[in-house]
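Same chain, two partners: chain A is paired with chain B first, then with chain C.
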Partner chain A sequence: MFGRPSRTGRALQYLALAGYLIFLGFPLVWLLSTAFKPPRELVQLHPSLIPSNPTVQNFVQAFTEQDLGRAALNSLQVSLASAVLTVLVAMPASYALARFRSKLGTAALGWVLLSQLFPFVLLIIPIFLILRQVGLANTHAGLVLIYVVWALPFALWMLQGFVRNIPRELEEAASVDGASRLQVLRRVVFPLLAPGLVATALFSFISAWNEFFFALVLVKTPELATLPVALARFVGIEGTARLGPLAAGSLLATLPSLIFFAFMQRRLSSGSLAGAVKG
Partner chain B sequence: MLRTRFRRLAAAAAVAVVGLGGLTACGDGGDDEATSGPVKLRFLSLAWQKESLQANKDLVAKWNAEHPDIQVEYVQGDWNSVHDQLVTSFEGGDAPDIVHYEASAIGEFSKQGYLADLSDLISGDLKGQIDQGVWDTVTFDGKVTGVPFLLESQVVIANKKLLDAAGVAVPPADGGWTWDEFQANAQKLTKPGQYGVAWALKSPTNRVLNLALNYDGKFFYTDGGRTEVKVTDAEKEIPKRIHDMLYTTKTASPEALGMSGADTLPGFFGGKYAMLPGSVSLRQQMVEQAPAGFEWVTLPPIKGLSSKQAANPQTLSVSEDSKHKKQAAQFLEYFLNPTNMAALAKGDWLVPTGKQANEELVKLTGGKQGWDVAADSAADLTVAPFQMADGYPEWKTKYATPALQQYFANKITLDQLATQLVDGGKQVLR
Partner chain C sequence: MTTLAERPDVERAGRTRRRTRSRSDRTAIYLLLLPSLLPILVLSVFPLLRGIYLGFTDARAGRNVEVSFTGLANYRELLGDELFWNSFKIGLLWALGVTVLQFLLALGLALLLNQQLRFRGVARVLAVVPWAMPPVVVGILWKLVYHPDAGLLNEFFHRIGADGLRTNWLGDFSTALPAVIIVGVWAGMPQTTVVLLAGLQGVARELHEAAAVDGASTWHRFRHVTLPALAPVIVAITSLDFIWNFNSFGLVYVLTAGGPGGKTMLPMLFAYEEAFRYGNYGYAAALGNVMVVIIVALLAVYLRRRLREAN
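Entry: the complex of A and B
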C-alpha cells in the first residue's frame, strides 16, 4: 500500500533522526565536558566542548565534600526496592483489573488515576505525619513505601495494557490441559508479561532514582540522604552553583540509570510495543 | 525456561522483601528524644561554598569536642528547597533545633510562632556587637527570632586594566562614587565592543529595592497599621538611572538584562563589560575563576543621597519546638563569637554583622581582595520597609518582577511601571 521511501525521503529521515539524537545527547556531552573543566574554563566567553586542561579535581571535590558514594548506595537501595515492590504489587493488581472487569474495577482505576492529580506539596505534611506515627519517618523503608505508592497508578495503567494483550485463549488452553489458576498465572501469564514487568520496573526505578522532594523532606539524617539531595548541596543562592563538582556528581548519578536502561532496553522496547498495540 | 523465569522473579521478590526489612533498620525510625546522655541539637546549615562549608564543619566539630554534654549534628540543606523543607518540618513538629536562613524569610515563620524569641537567651555581648538597624531586620512583633550574622552589600567589581586605560581612578574604600560619577565613568568605559556596565537583572526586584534606599525610596509605607505601595520620585530614581544607562547613554549592556550575576562573568573576563554592580560575594568568583593576569578591583557602594542599602542578613534561629533552646543559644554564642563569625564570613565572602568580627576579618585579610570595601559597606546596611511587609514575597513575584523586567526591556514607561507596582500592592496588601 505504501511505496518504498525515495532516497531523498530516506535521507531526510536519517537527518531528522540525527538531529534528534544530537538534541538528546548534547546535554550529556556538555555535562561530560563540564565535569572535566577547571574553574577558569567554566566562565570562558567562547566555551569549548573539549576542555583545554582537563582535570579530575571536580570529581575529587564532589566526593570529598559530599558523601556521594554513600548517597549513591542509598539511592540504589531505595530505587531497587521501589522497582521490585512496585512490580510485585502491580502485577496481580493489573491482572485483576484487566481480566475481572467490573464497575468497581473501572471506578478503582479512575480513582487511581485521579490520585495523580494531587500536587506533592499538598500531600507531604499528612504523609510525613503518618510515617512518623508508624515509625517510618526518616527511614529508607518509609521512602520506598511512598515511592511504591507514587509509582503504582502509572504502573497499573501500563501493566494492564500488557495483560490485555495476552490472549485469553492461552489461559483457557492451559486450564483445559489441567493447569490450576495459579499454575496458569505462573507458567503462562507472568512469563508473557515479562516485557511489561521490565518496563514497569524501569519506570519505577528511574522515578525513585531521580526523586528529590520526598527524599529531602522525609529523610533527616545526613547519612541516609539520597543522591539528588546530596547533589542539590552544590547549588547556592538564586541559581548560582558550583558547576564543576555539580557536573561531576551529576555525571556519576546518571550512570546507574544508563547502565540499568542499557540492560533492560531490548525487553523494554519489545514490551512497550506489545503494550501499545492493543493496550 | 518458564520455571527458571518464575524462580528468578520469586528470588527478586524475596530480595526486595528482605531488602525492605533491612531498610527499616536504616534510620532512627523517628525522632524520639534520648532520655539520657548528651543533649543533641540538629543544626540545619545552608553553607554551600567550599571554604564556608569547611568553616562550618570545623566549628561544629570543635564545639562537639569541647562540649561532650551538648552534641550538635550538622545537617546541610540547600537554599533552593529550604523553604519547603522548613514548612514541612515546622508543620510536622520535626524542625531542626537551629536553623540557618535569612531575615526576609524568617518573618513568616516568626509570625506563625515557629521560631523562639531569643531576646533573653543571647548575651548582651553578642547584642552589642551588631548594629540596631541590623537587629531590626530580625525583630518581628517585638520578638527577636534570629541572630543576623552575614550581610551581603552591593558593590561594583571592575576590570582594573580597562579603568586605567580609560583614565578612571579607583576610589578609596570609604569614598565611593556618586551615581552621577558612576554613570559618567561608565560613559568613559564604553566604546565599540565594550560596555561600561553589565546590570544583571534577571531578578531585578530585590536589587532595585535595595538600591532605592540610596535616594530614600521606600516603596512600602505604613500608616495607622495599614501598609501600601507608593512610587514617588524617590522610588523612581534608581530604575530611571539604570534605564537611562541602557537606552539613553547606552553604557549598559542590554544582553545582561536576563542574566544572573554569575552569568555575566564570561563577558566581564572577556572584556565586554568594564564594571559589574553586584554582591560582595562575587569576589569569590573573581578569585577562583578569573583568567591568569586578569586584574580586578572592588569599588565601594554607589552613593545617592546616602549609600544606604537594605540589609537582608543570613540568620541563625532556634525552633520554638526545640526542647533545648538554652543549649542551642549557647551554641549560637560560641558559633558567632567574633573570631568564628569572621571565619564564617571569610568562607562565604560576605560581611560579618559583628563589629569586632569585621575588624578581625580586615586584619586577617589585610583588606585585600576587596575586604576593606566590604567591611566599610557594613555601616550602610539597614532594615528596609519592604522587608517588614507581609505581602512582599507575593508582590515581588506576581507584580514587581514582571513590571520591572518590562520596564528594563523598554516595553513600558516609568509611569506605567509605577502604576503596575502600586496596583500590585493594592491586590496583595488588601
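Entry: the complex of A and C
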C-alpha cells in the first residue's frame, strides 16, 4: 500500500534501525552489566561488556553501605502519600470540571500549560520560604505537599477526561430510580472511574518517585533524602570500584517507573498520554 | 419510538434546569473545586508571582534579612555579568542542539517504526525505556558510559583500535558540552518519538495511495504528504521540547554539575548556585525572569514563522 521499497531501500532501513537499537540499547546493557560485575572486573584495565562472574553483591552493598535502603523507603513513603493525596483532592474537582462548565475550570486547565513555561528557580525560592514559615521545610510532609500541587494540574486534566467518558445517562437513570446524589456518585460514578483513579495515582506516584530538584533543595537532612538525591550524592564519592553499587541502586530506582510504563504501554503507544511524564 | 425524537428536548430541558438551579449548585461546584484550587493558588500561583517580584528586589538568604525593592538593578548587574552571558550561551546551545537533534532522530525512528519491519517490537520497547528512567539515573547511566577508565565508549574505541580517540568525555573542555547534549537527546527522544508516531498514524492512508498512484517518489510523498499533515504535531512537540530542555536541571547536575570550568553551566544550574550556594535569591529570581522572557520571545518568533508558512 505504500509501494514496496526496493531491496536497497529495505537494507538501508534495517541499517538505520540497527543504529537506533545500538544508540538506545547499549547504554542500558552497560548499566545492567556494571550492576552485576564483581569489584575485580570493575577495576579491570579493559572492562568487558558481559560480566564473566556475575554477582548480586553490588545490590547488597548498595543497600547496606550506602543507605540506599532508607532512601528507597523515604521515596516510597513520599510517593505513596503524594499519589493518594493527589487522587483524593483531584477526584471531586475533576468531576466538577467534566460535568459543569465553569471559567474557573478552564483557568485551572490553562495553568497546566502555563506552568510548564516557568523555570523552577522562580518557584522554588518562594516555596522554600513559605514552607519554612509554616515549619514544613526539611520535612517529608512539605515535599508531599509540593508534589501534590505539582501533579495536580495534569491529574485534573487526565481525570476529567475519564469522567467525561462515563455516560451522563447512567447517572440520570440512577437518579430517576430514586438514588440520591451521593448514592449516584458512590454507586455509579466511582466504580466506573476506578481505572482512571489508578492511572492518576500511578502518574502522581511516578512523578514524585523520579523528582529531583525539589527534593534536593527542600530536604537537607541526609536521613530524609529521597532515592534520586541519595543516588546523586553517591555519584560524588565514586571510585571505580564503587560504580557497581551505584549502577545497582540506579537499576532499582528505575523499577517502579518501568512497571508503570509496562502497564501504560498501550495508552502510550496511542499517544494519549504524551507529555504525561516530564523528563 | 417517540422517545427518541423527544430526547433532545428532555436533554435541553435538563440543561436549562441545571443552569437555573443556580445558587446551591454553584456552591456545590465551588466546594468540589476548592480542594484542588486552593493548593494550586497557595503553592503554585502565589509562589510564582512572588518569585517574579523577588527578581526586582535584593532578597538574600537568611532569617530577618530586610528585603527592599531595587527595580532593575539586578538586570543591570546581569547585563555586565560575564558568567551569566557564558551560561546563557551554553543554555541556548544546549536547548537548541538537543531539541533539533532530538527531533530529527525521533522523526527518523518514528518513520521506521511506522513501517512493517522486523525487530520493530524490540525497538518500540527500547524507544520508551529512557522515558521511564528518573533523570538522575539517566545521568548516572551515561556517566558510566563516558567513564574515562571503566567506560563503554573508551573501551569501544580501544577495541576498534582507535585508542587516539579515548578521552575524558565529561572532563575535557572541548567534549563536555557535546557529550552532555547527546545524553539530553537520548533522554528526550522517547517522548518525541511517541508523539510523532501517533501523528504519523493519523496521516490518512488515502493521501499516500493517491500520491503513489500519481507516481510520486517516496521522498516526494514524505515532503508533500507526510510533513504537511504532521506539521501541527511537529510544532507542538518541538516547542514543548525546547521549553523542557531550556529548563532542565537534574541530568546535567548529575553528569557534570556545570563543569569542567563552567563549560556545561546551564542557566538553571547557574541560578541554582546563585540561590542556594551564594544565597542571592533576588539575583537568581531575576535570572529566572530573564529566562522566561527569552523563552517566550524565541517561541513567539518560531510559532509566527510556522504560522506564516502554514498560510
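The working rule: the second predicted complex is superposed on the first by the 194 of 279 C-alpha atoms of A that agree within 3 Å, B and C clash if a C-alpha of one lies under 4 Å from a C-alpha of the other, contacts with A are read in each partner's own complex, and residues count from 1 in each chain.
Note that in this section a contact is a pair of C-beta atoms (placed from the backbone, for glycine too) under 8 Å apart; a residue touches a chain by one contact, two chains touch by 3 or more.
What you are looking at is a predicted structure, and each value in this text was computed from that prediction instead of being measured.
Contact with chain C, but none with chain B, is seen for A:Asn210 once the two complexes are overlaid on the shared chain. For chain A, the partner that touches more of its residues is C, with chain B and chain C as the two candidates.
When both complexes are overlaid on chain A, the residue A:Phe263 reaches neither chain B nor chain C. By the touch criterion defined above, A:Val149 lies against chain C but remains apart from chain B after alignment on the C-alpha atoms of chain A.
In the superposition on chain A, contact of A:His140 is made with chain B only, not with chain C. In the overlay built on the shared chain, the residue A:Tyr14 is in contact with chain C alone; chain B does not reach it. In the superposition on chain A, contact is made by A:Arg186 with chain B only, not with chain C. Of the two partner chains, chain B is the only one touched by A:Thr221; chain C is not.
Looking at the shared chain after the overlay, A:Phe100 reaches chain C, while chain B stays out of its contact range.
On chain A, the surface patch touched by chain B in one complex and by chain C in the other comprises residues 42-47, 88, 121, 124-125, 212-213, 216-217, 232, 235, 240. By the touch criterion stated above, chain A contacts chain B in their complex at residues 39-40, 42-47, 61, 65, 74, 77-78, 80-81, 84-85, 87-88, 121, 124-125, 128-129, 132, 135-142, 144, 186-188, 190-191, 194, 197, 212-213, 216-217, 219-222, 224, 232-240, 242. For chain B in complex with chain A, the residues that touch the partner chain are 1-3, 5-6, 9, 12-13, 15-16, 19-20, 23-24, 26-31, 42, 48-50, 53, 73-81, 84-85, 88-89, 91-92, 94, 96, 202-203, 260-262, 265-267, 269-270, 272, 285, 288-292. Listed in rising order, the residues of chain C touching chain A in the complex are 14, 18, 25, 28-37, 39-40, 42-48, 50-52, 54-55, 59, 105, 108-109, 112, 115, 117-120, 122-124, 126-137, 139-145, 147, 149-150, 152, 155, 158, 186-189, 191, 194-195, 197-199, 201, 205, 208-209, 212, 218, 237, 240, 243-244, 246-251, 253-254, 267-268, 271-272, 275-276, 281, 284-285, 287-289, 291-292, 295-296. Those residues of chain A that touch chain C in the complex are listed here as 1-3, 5, 9, 13-14, 16-17, 20-21, 23-28, 30-31, 34, 42-47, 49, 88-90, 92-93, 95-97, 100, 102, 104-105, 108, 111, 115-127, 130, 145-146, 148-150, 152-153, 156, 172, 209-210, 212-213, 216-217, 227-229, 231-232, 235, 240, 243, 246-247, 250, 253-254, 257-258, 260-261, 265, 268-271, 274-275, 277-279.
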